[in-house]
Each structure stands twice: as structure tokens, then as C-alpha cells.
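Reviewing the structure listed below.
Order of writing sets the chain letters: A, B, C and D. Residues in each chain are counted from 1.
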Amino acid sequence: MTSANKQIRAARYGMTIDVDRCNGCGACMVACSVENNVPPAHEGATDRKGLTWIRVYKVDNGEEYPNRRTAFVPVMCQHCGNETPCVHVCPQQAVDVDPSTGVVGEMPQRCLGCRYCMAACPYHARYFNWWDPAWPAGMEKTLNPGVTPRMRGVVEKCNLCHGRWHAAKERAAAEGKPDTEPVDYLPACAEACPTGAIHFGDLNDSASAAAKEAAEPESFRLLEKLNTQPKIYYRSKKEWVREIAAAPRPGTGKENTRG
Amino acid sequence: MASQSMDRQFITRGLTRCSGSKFLWWISPWIALLLFGLYAAALCLIKGLNQTNMDNRFAFGLWIFLDLTVIALGAGAFFTGFLLYILKLDELRSVINSAVVIGLVCYSGAMCVLAVDVGQPLRAWFTFWYPNVHSMLTEVTFCISCYLTVLAIEYVPIVLRNRKLRQVPSFLVFEFELHKLIYVLAGVGTFLSFFHQGSLGGLYGVLRGRPFAFREGLAVWPSTFFLFILSAAAVGPSFILLTTWLVEKLSHKRLVRPEVLQLLGRISGSLLAVYVLAKSIDTLVWINRTSPETGFQAWQYYSWKPFGSWILVAEIGLFGLVPALILLAPKLRRRTGWLVSGAVLACLGVALNRFVLTVQTLALPTLSFDRFLSYTPSWQETGTFLAVVAYGVLVYSFSFRYFQLFPQERELKIAAPQMEEERELVGRS
Amino acid sequence: MTLRRSISFLAGLAMALGAGWVAFPRVIYRSRPQPVNFSHKIHAEKAGAKCEDCHSFRDDGTFAGIPTLDKCAGCHAAPMGTTAAEKSFIDEYVTPNREPQWSAYAGQPENVSFSHAAHVKRAQMTCESCHGNTGSSDTLRPYQVDRISGYSHDIWKTPNMPHGMKMADCVACHRQKGLEHSCLDCHK
Amino acid sequence: MNTTRREVLMFAGGSAVGVLFTPAPWRLITDSALWSENWPGIPAPGHGEIRTRYTNCSLCTAGCAVRARCVGDQPVQLSGVSGHPLTHGALCPFGLAGHHLPYLPSRVKQGPAKEAADAVANGIAKCGAGECVATLDLQPARTASWTYRRAMAALKNGRYVAPSGDSSVAVDLSQARTVLSFGVPVLDGWGTPGNVNTARGGFRLIQIEAVESRTATMADQWLRIRPGSEDALAQALAGTAPIATAADATGLATSEIVALIAQLEHDGPTLVLGSSRLASSGRTVIARREAPVPAEWQKAAPVTALASLPDRSVRVLLIDESAQGEYLPWHTIEKKLVSDNPVIVAFAWSREGYARHANFVLPVGVYPEVAGDIPSAIDSVAATFRIAAPLVSPPADMVKPEQFVAAAAGLATGDTLRERADAIHKAARGSLFTYADAKSQALKDVTADAFWKALNAGACWIDAPDDKAPVAQLAAAGTESRPAEQADLPLAVVVSRELTPGSPILSKLYQESNLRLAPNRVALNPACGLEDGAQAVFETLLGKCHVGVTLDAGVPAGVVQVSGSPAVLDLCAAGVRAKVVRV
């Protein structure tokens, strides 16, 4: 046990999001904020200064009725598995990839707020605390003890609900399970989605629904050509939806201003 | 009156400087500007960065852009030092002091702005304690802070050679000892600044998530790393030239021989020419290989107005090739007007290049359902930066008044007998 | 001349060293007495032999930490001994049913997610390996908290312990055990 | 002189050097950084044992089953109860943050209960012939509603008023092969989310709507018609009007309508959802017997539609806003009030609704503070009885509306919820689904006390299936008449009741992203000439108010989409037209 190379079966936690099922209700965004103690918006906040670890974008094919088609695309940290853009730019090791879970983690308490990682992220999945976090009087009682609130001036983002992951690990420890096996847990967004569009699981475990779906031809990942190997897979039977994974097409970019 | 004479005792023997009151008139507006800027900066520090117009998409704004520019312009300090002490280009001795002051001003100013720019300044030292060696920003932080120290040390002898201070024997000794070190310092300084100018370029070149800025390169260093070194080295002398010329105009004095300025121009011009060539090659590689490989067609970037392809032409042609040619042509160089405008264009060119790399990169969308964004700095952002400008002017004015920035000034003064003094901004004692 | 100068230099040096090494450590901590003069020793002998008897795990594997008043009241509804401490405890807390505001010496900051289950049940570590001889102590030493950071003194150095509970200390052990993966292992 | 100064300098230098060799400066640097990790103003979450408690969400009539993760007794997280026969473990965004409601900044904290009671008594006494005392109940068919009806019956001239809509009718989505919706947000707030999602695979959804709503987006077919032309199309589909006129009114091609009719005939059982009325072919709309009530309650005032009250006849109006329901624009209510100072009491927890118009605003408890039952959802084939069991205790001096009204009418009431539960238990029909163990058992196997205990610990009683009887055949649905063209008011108004007031966290949906339309915003076509985020004035014949502008390509030109905030709804009526002017 003292040897530094303990045999751990590494997990690769990931998600598949069925875009065809997502009706853009926003339950995932709310559940995420509740789980992760993300404060309500400061009155000065906009869709560019807000904190939404997961954000549902309304996407359309740029056509006019009757050819107009619209879909909703939830975007959170894509947990890139290859040359994770945000990790190697952070000057003080506040961002890292957990080799045992593949989760890209971010430590707000280590962050000095230089925002270099935000510039580096192609998915705009990182959010900066422009204001001190503030909850209406009394509402701080509803904070989740599993996650610590962040302070002003630091970057934060989705970490696949590590609070729940900790709880699951603690339960496993209490039940006497070894710490070499990945634990089963469910992030808030996947649990909350009323249409069951989000499936979470260990992509290394070929038996998991996520792994199966990720392998299907209708699955795709955002900006795949950047070769960042995200662990968030999207699925759609619609051709035009699968095309949103590609680079922006000038001219149509303007219309997609919702979300 | 006493203060008057006191003030006099500090001014280098044999040099004429304007009366204390006149000097006061000159600095007071800058002090006002400085105070205003400090207020703006305080707002950002106390109330937080919500005072700025930056946002999650425009994570970097005016500050980073101008920091990069200022540091590029300040490169004159290290490059002149390099030419003088390492390459033994002795003509440059007459501007080296001025160059050091400019360098000090630019770097320290940039550092101050960066301290405001980060969300948690109290933790800035984490970078030194838990450095991530893979991060370009770590390189930048280390090199800049080290080089700033070097500049400070290089500044000390200039201060100690002050007429009053040198009365303290120990100071004189210290200064002498320090001067022996100058070659070492110049060497270290050169290395450091070559490196961080590079890492500043690398800062954006490594962003594989931002295909507009991403560049291939040697080992861990993207091409922008080397382009930044080159461009900084190229405009550094131009900026020295510019400032010297400006000071001459403002003080109605001849401070250096015209040949020196021309030499600076020539150095700048030739380096600029090399830079333009390298930049063009890099751009071609990027358009035809790097960018397409990441799924982005380069022409797309320039179809988002207002950043059309004109910006590329302006950067390489108007502000790159043109000044290079001007500064390389001996005929034009000899005409101050051409010389100066050449230098101005060169400086603008590097500014534009830094702008493109910082602001345009962030404005361009990466996701197909994302939009092109614009951003205008808030008055707090602008104010904070103006404080740095004011700070620079003040430090330089004081240094110019009390220290000997231009060794040739005295001999030139003797050569050119008392000019018409009443029109002079600078009166005689 | 030079002598006097060097003397004044040394004087300054000495003063600074004294202030920094002797005065500062005292000044930086605010000392707070525990609400009740509690003796682990006596309770270990009389009440229960094991720590878990009072510092128990919940069903979901989480650690209950310092027991609540009802646990104490279980025995101390009425005085069992004759000590003044017990009497005042009953009068002040048990009778009015007021929770004593204990301060946890080893209390970690909010951003740490420490699992007792993982260390005690899985890794089979003894309580003493982190909490020193608190379990056999006869009195509760005052709780010392850093005036600026609000961290407990024991985070830096637990009395009678080779190491403290700083991040570096945790990491050292985890690294040796090959269990150091990422920040979020222990941070929440 | 000089020397001493040197000495001072040396001393300073010495101490400077010395300090560097002590822990002090380094520790201060560290501490300042640590301080910045939890600096003032950052709340520390409460710690303690994590418990799980169950209740039912009373934010709307869906009444979804809720599992609450609590620290001690304080709920910190809500989620659905999987395996629930009706709600299938789903919660909507509003429900997910329901536990924040008690802490809303806009909440009404206290009110003049005493003065209100006197004024009401006064008003009742003054009530002349042809005048009446009316209770407006926004969420009818609750146990509280029965109390209101009994109280109004106890008064000589009491009226019980509720928004139109018949609680004895339910739709059976499982029977529908096609759902034809006239602008009803079938997939976004209508019915029970879990139930709709489960049934979604079984039917083809045709959305007939002027704007691209969430439902239109997800529908199998979206027919974009001119605002307010629902009726014309419905007539044509029912064969009561020529297709040509419908085509003319809706802007659809005649062929499209013909195709639609053919399709509906071909596809079998069709459910037609209008903005107020229902229609069906097949057994998709059925009569539903209500959950049993105690016999002694039968002496109750009938349900009166607001429209059927004579104008200027209401002297005392008691509005129960405590339970969310369809908001009736104030101008429809206002014209029913007597002209000489009527008494208006609003039982409200937010100042944004009728509180703006009432003489007395009395504070009420909110979910999850107060116990109350939730009426059966429109899409639940059998009657249900479930209680929103309190998870936290309400603040002091909250008013219980039904008790206030009963007292005003001199009606003695006991624990009505318990009485209702006992009546249901006496009927011994149906089954009881308990959440903690996700088990279902026949009600007759449960004692009355166990039943009551279960209901308060999170459970749902579901009536036994009834011999279903179709109510209506395919008939006119949709109510809104086509807006009259007006030159100065160019825009047709489409109301999308998107936002029920809820947690501050919902800012994620409409402020920190544009996913939903914020309460104070209107959506316009990008070609409207205003820019996104502009401040503007929204004006109709009924008045004007300030709004923000959101540009949305899903809104056709000539249409303005408004959200469901009362301030805006007060300016809207059937077929109203508007203009939006930049300020």
C-alpha cells in the first residue's frame, strides 16, 4: 500500500445529451445552481456576466418559417481529455485533470482571477465571479453543505458535481468498498432533466448507457476538429443539429442570439 | 526661496533646467491625471472587476492589450543595452540612460495595471509559490518581475550620479561597484526580456482553443513567441527615438547628435523589415495549414465586421513594410520629419498587432451558435491606464530634471550657445 | 562612529528577530476558552473506552463529530460526580437545554471535504494519528484561532504530533500512498 | 545630528533585515491569501445530519411529488420522486427551486389583518340589494376552495368566483394518438411534466401558434397562424365554417387545412386543447369524479365565472392569491366592483399581483411552509388527493386565507384537511402511494390515522379508475377573437404565461441567459427596428408600462410576445393590440 503506484481502475466520467429530447425548460440550469451554491444574479448581471455552469443555448438553422428549425443545446464544461486548453495555461495549478475520473477540476481558492483559462476555453464554459456572491436574507440557509461558495474575483465552472462525488466516495468508504474502484453517482443536471435527455456515466465502462450512446453514429462532440477530446457527447438524428458542432458560419452566426 | 536653491542643488552641474515653478506647472496636470487614475483603480480593487466592461467572453480587455503594447515599446531598454554593452555599439551610450528610465516606467506601469486586472491580487504570489511551468503566463510573470528588478538596479547608478547624492562617498563607491556589474546586468536583462517578450507572444499562440490566435512553432514555443521578440526589438529603438525627439522638442534643447537618432532609426528599420518578412510567412502558414486543420477557414475570421481583412493588410503593410522602408532609406532618415513619422508608424504597427492578438481573438466566436461580440472599456478601465501614462511622464520628467539622462547634452549645449531663452519652455538659473 | 552604527544595526536586527519569533506568534492567534472544562480522560475511563462511543458515524457514513447535548444529557441529566465543572455544565446547558458552542481544534476550513470514513474505516488510521493525545487529555486547552485567516492553530501544528494538518501535510501522506489525484480529491 | 540620522537608518535597516528572517512577514502574506478565501460576506452553509423528507409541490396543479434533501430540517435541494405513477419523478425548473420561495425579497411580510377584518365586516353589512360579497379563488377545487364556497353559501349574497375551466373534466393523454394544441404550452408547463413526457411517445403533437414557443419547437408539426385566428381555424376543423375563411384568417394555405383535417380523421383519437375549452374525438377527454368531500360540506355556493357576475355589483372582494392559478387581468375584475369604495382584500405573498390593486394586502405562507392540498391535474384521469406538507415553518403573523374568509362569514371550521382525508378514507376507494418506500397499497388496507400520517409524510391518494365517458366531440376550441386592425397599435399581442414567480435562482433562465422571457420583457422580431436589450414602453388601449426588449427570430413581424407578469397581463385582453416604443 505504501508504493506510489497503486492499481486504480480509472474512470472517464462523461455525458451524452440527447438534443432531440431537450425542450429547453432550464431545469438543469436551476438544479445545477442549487447543487453548486451558485448565487442569484446581481442586478447588473447579463447573459455575458452571469454564472451558469450549464447553459442551454437556443440554436436554429437560420432559415425562415416554414423551414425554420430550432433546438436547445445545453453547454457545460466539456471536460476535454486531450491537451485540455485551460489546464496548461493556468499559471498556478488551479486547474487540473483528475486522472482517476477524467474530470477537469478547478480550485477557486487557488485561482487569482487572471482569466487566462477563460480566454483559452473554446466552449465558453468558464465563468468569472464579477460580483461578491449575495443571497437574499435567509436564503443562505438553503445552501448545499457539500459545496463551498466562491468569492468574488475567481473563475468557476462545472466539475460534474464533485460534491455528490465526494458523498458517493464517503458512502463507499463507509461500506468498506476499496478506493480503487470508481463510484456511482449522478450529477444534478442529469438527475433533474425532466425529459431524461442527459445520461451520465463512466465512458470507460462499456456497459454504461453513456458509453454505449457515445459510440453511436448520431453522437457528436463540439468543435471536434480542435482535437480536445471532450467527454460531453451530444446526440441528434437531425443533420442540421449535428452541424452545430462545426466552426461558426459567418452570416448565420448573428441569428443565434438566444440562450 | 530656500526650496528653490535646494531644488537647484540637485540639478546636474552645467545643465540648465527650467525654474521650479515652471516645472510645477508642467507636472501638476499629470499629477491630477494620476490621482484620477488612482481613484479609478481603487474602485476596481475595492468594488471588484464589475467596475470594468469586461465579461465572461471578453475576459481580457483594454488593460492586457495596452500592457502588451507598453511592454513591447519598453523593449528599447533591453535592446539598446544589448547593442551597447554586448554588441559594443558605443554611439548608443548617449541614450542608454533615457532608455533605462523608459523601460523602468513601462514595465513597472504594466505590472501595476496587471495587479488591478487580476480578481484576487492578494493571491498573486501563488504564481511564484505554486508555479505551473507549462503556463506561458508563469514565464511572463517570472521574467517580467525579474527584469523589473534588473531595471531598478540599472536605474540606481543614474540616481546616485545625481549631483547632490554623489556627495555621500559611500553612494559613490556603491555606484562605481554597481557600474562594473552593468555588463552582467545588461546580459541578464537581455536574456530575461528576450524570453518574456516571447512568452507574451506565446500567451496567445498556445491557445489551441482559439484557432485565430493559435500558431505552430518550435518545441513548446509557438511562432508568435519569436515574432513578439522580433517586433519588440524592432520598435524598441523607434520608441527611444520618438521619446528623445519629443523631449528635445518640449525642452527646446539638443540632447543627442542627430546621427544617434538616425542610427536608432536604421536599427529599427532593418529589424522591422526582417519582422515583416517573418510575419508574412507565418501568416501564410497559418492561413493555409494551422487554421484549416482546426476546422476553421481563415477567411471566416475576416468576414465578421468591422474586423475585415483590411486589418491584416494594415498590420503588415501600412504599419510594417512602409515604416521599414522609410527607416531603411538613408535619404529619408536624414529628414527628421520622415524619421519620426517612420518611428510613429512602427510603434502603431506593434500596437495594432497586439490589439489583433488580444481583442480580435476574443471577439471572434468559436461555437457555431455563438455570436461576434464587441466591447468598450469603462471609464474605470481607461482611467486606470491613464494613471500609468501620467506616472510614466512624471517619473521621466523628474529623472530628466535631476539626473543626467543624455550625457551628450552638456557638450551639445556648449556647442550651441544660449538659444533664445525667453521663448524657451525651460528657463535658465 | 562606525561602531555605534553597527551597534544600532545589530540592535535593530535583534529587535526585529525578537518581535518576529517571540511576540508575533502570540499576537497572531486569538485564544478562546472552551465552553465547558471537559475531561476526555475521565470520560474515556468512566463512560466509554473508545472514541467512537461519543464521536460516532452516521448511517450514511458521514462523521457526526462533536456529540450534541442530548448525548451528554443521557448521563448528565443530574450530577453524577461532585466536580464544579459538571455542576456548572448542567446548570448552564443541560437544564436550559442549550447546545454548548464547542470549538473543534482540528476543524478544517469550509473548502475542505475531509472524510473520516475514508481515513478511519478504509485506511484504518487511529484517531491519535491526527488528533494526538486529545483523547486522553484531562482538560481542554483554549482554542486558538488565527486572527486574520480564521484558521485553527492546530491546522499548523497539532500538539504532541509530528505533523500538522496543513494541505502540505495531507498531500505528503497521500502522495506516499499514491492517492494524490487532483485538487478536488479533498477540496469542495 | 547627521550621525543620529544615520544611526536611525542603520537601526531601520537592521530591523528590516531581521524581520525577513522571522516567520512574521511570510505568515502575514499567507494569512491574507487565506483570508481572501472566505472573506466577509461569503455565507457558510449550515452543517449537520442530512435527512430526506417528502412533500408535494403546490406551485401549480401538477402537484409533483418532491424529495427534499435537508440539512437538519432545512431543505437544501429538491428532486422528483421516481416511480410515482403520475409525476414520474420529474420536476420543472420552478419546482426545483421551490424551497427558495420563503426568502424572496419581494415577499409580503406583514399586513393589517385586524383592520381588514373590520372593513370586510363593514362591507358585508353595507352590502345592498344587487350587490354581493365575492371570493376570487385562483386555484379552485382545493379543500380551501370548499371552505370558501361554504363560507359564501353562509352569506346571504356571497359569490364564489373562479377562473373559467371545469375541474370535473380531465384529459387522457394515453388515449390520444394526436394532440392538436391551439397555443397551449403542452410541453412547457401544461399538465404534469412527468406525465406528459411519459405519454409524449404515444401521440403526434400538432402545435397551432403564432410564435415559436418551446412547445412549437418540440412539436411534430408547427402551424404558424396569425395571432387570434385560433377560433376561425377551429371552426373550420369542426366543419362549422368554410375552410376558405379560416385560410384567410389564419394565413395558412387552404391545402394545409384540408391536409390537417384529413390527417386528424386518419390518425384516430385526437385531443384538442384550446386556450380555455377542450374538445376531443375518441375517449381523450373524460369526466372525472372529484375526491370525496364530507357530506356536511355539500351546502356550498356554486362556482361562478367572473364574466357572469353583473358589472358594478361586488362590494367586498376577497382574492386568494396564495395558490398560483390563471391570472385574471385587473380590468376584467375592476368593472365588477361597485363604484363607491369597494373593499378589496388580497391574500398574497408577493406584492406584484393583485396586491397592487387591493385596499388590504394580507401576508400568507408559501410553499413549502403551509399545509394544503393540491387539486387534481388536468391530465390525471383519476382524482387525486395530495398534501403539500410543510418543510419549514412560516414567519410570524401569516394569515390563513380560508380561516379569514370563514370567520368573516361566521362559518365555524375545524381541521378541514383532516376532515377531507377522513371522508376520502371512508369512501375506501383507490390506492395510496407513499414516497419514502415508493409503495402503492389499496386505501381500504390503511387505517384513517395511518392515511393521515402518510399524507403528511409525502404520499398521494389516487382514485380508482372510473367508467370513463367522453365529454365533448371535436368542437370549437380557442377563445380569442381576431384583433381588430388599428393603425396606431401595429402589433398583435401573444401572451406566453411562461414565468410563475419563483426563486431568485431563476435569474439563470432569464437574466444570465435568454432562455426564457423575463417578467418585464417583451419579445419582438429582429426586424422590428429596436435593438436587443433596449428599454421601451409597451402600450395597449388599456394602458402602458415599461419593458425591456428581447429580439427573437421565433416571433414573426407584427407580433409582440409578452410574458406572464401581472403588470403586463393587466394591459392584455382577448385580441388586444399594442405598440412598443423605445425610450
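By definition in this document, a residue touches a chain if its C-beta (ideal position, glycine included) is under 8 Å from a C-beta of that chain, and two chains touch if they have at least 3 such contacts.
From a predicted model like this one, the values you see are computed outputs, not experimental measurements.
Asker: Where are there more C-beta contacts: A-C or A-B?
Answerer: Between the two chain pairs, A-B has more contacting C-beta pairs.
Asker: Using CA atom averages as chain centres, what separation in Å is found between subunit A and subunit C?
Answerer: Computed from C-alpha means, the inter-chain centre distance equals 37 Å.
Asker: So how far apart, in whole Å, are subunit C and subunit D when each is placed at the average of its C-alpha atoms?
Answerer: Measuring from centre to centre gives 50 Å for this pair.
Asker: Can you give the whole-Å distance between the Cα centres of subunit A and subunit B?
Answerer: Centre-to-centre distance between subunit A and subunit B: 40 Å.
Asker: Could you tell me which residues belong to subunit A and also touch two or more other chains?
Answerer: In subunit A, residues 46, 49-50, 57, 94, 109-110, 132, 147-148, 151, 257, 259 touch at least two other chains, as defined above.
Asker: Going through subunit D residue by residue, note those that touch at least 2 other chains and give them in order.
Answerer: 32, 35-38, 45, 50
Asker: What are the residues of subunit C that contact at least two other chains?
Answerer: 60, 62, 110-111
Asker: According to the definition already given, which pairs of chains are in contact?
Answerer: Touching chain pairs, listed by label, come out as A-B, A-C, A-D, B-D, C-D.
Asker: Spell out the residues on subunit D that touch subunit B in their complex, using ranges where they run on.
Answerer: For this pair, the touching residues of subunit D are 29, 32-33, 35-36.
Asker: Would you pull the subunit A residues touching subunit C in the complex into a rising list?
Answerer: 1-6, 94, 96-101, 103, 105-107, 109-110, 146-148, 159, 162-163, 165-166, 169-171, 173-176, 178-179
Asker: Which of the residues in subunit C come into contact with subunit D in the complex?
Answerer: Contact set of subunit C toward subunit D: 1, 4-6, 8-17, 19-21, 24-25, 28, 58, 60, 62, 64, 109-111, 146, 148-151.
Asker: Quick check: in the complex, which residue numbers of subunit B touch subunit D?
Answerer: Spelled out, the residues of subunit B in touch with subunit D are 120, 122-123, 125-126.
Asker: Where on subunit A does subunit D make contact in their complex?
Answerer: Touching subunit D: residues 23-27, 29-31, 33-35, 37-38, 40-41, 45-47, 49-52, 55-58, 60, 65-66, 68, 70-72, 109, 132-145, 147-151, 188, 191-192, 194-196, 255, 257-259 of subunit A.
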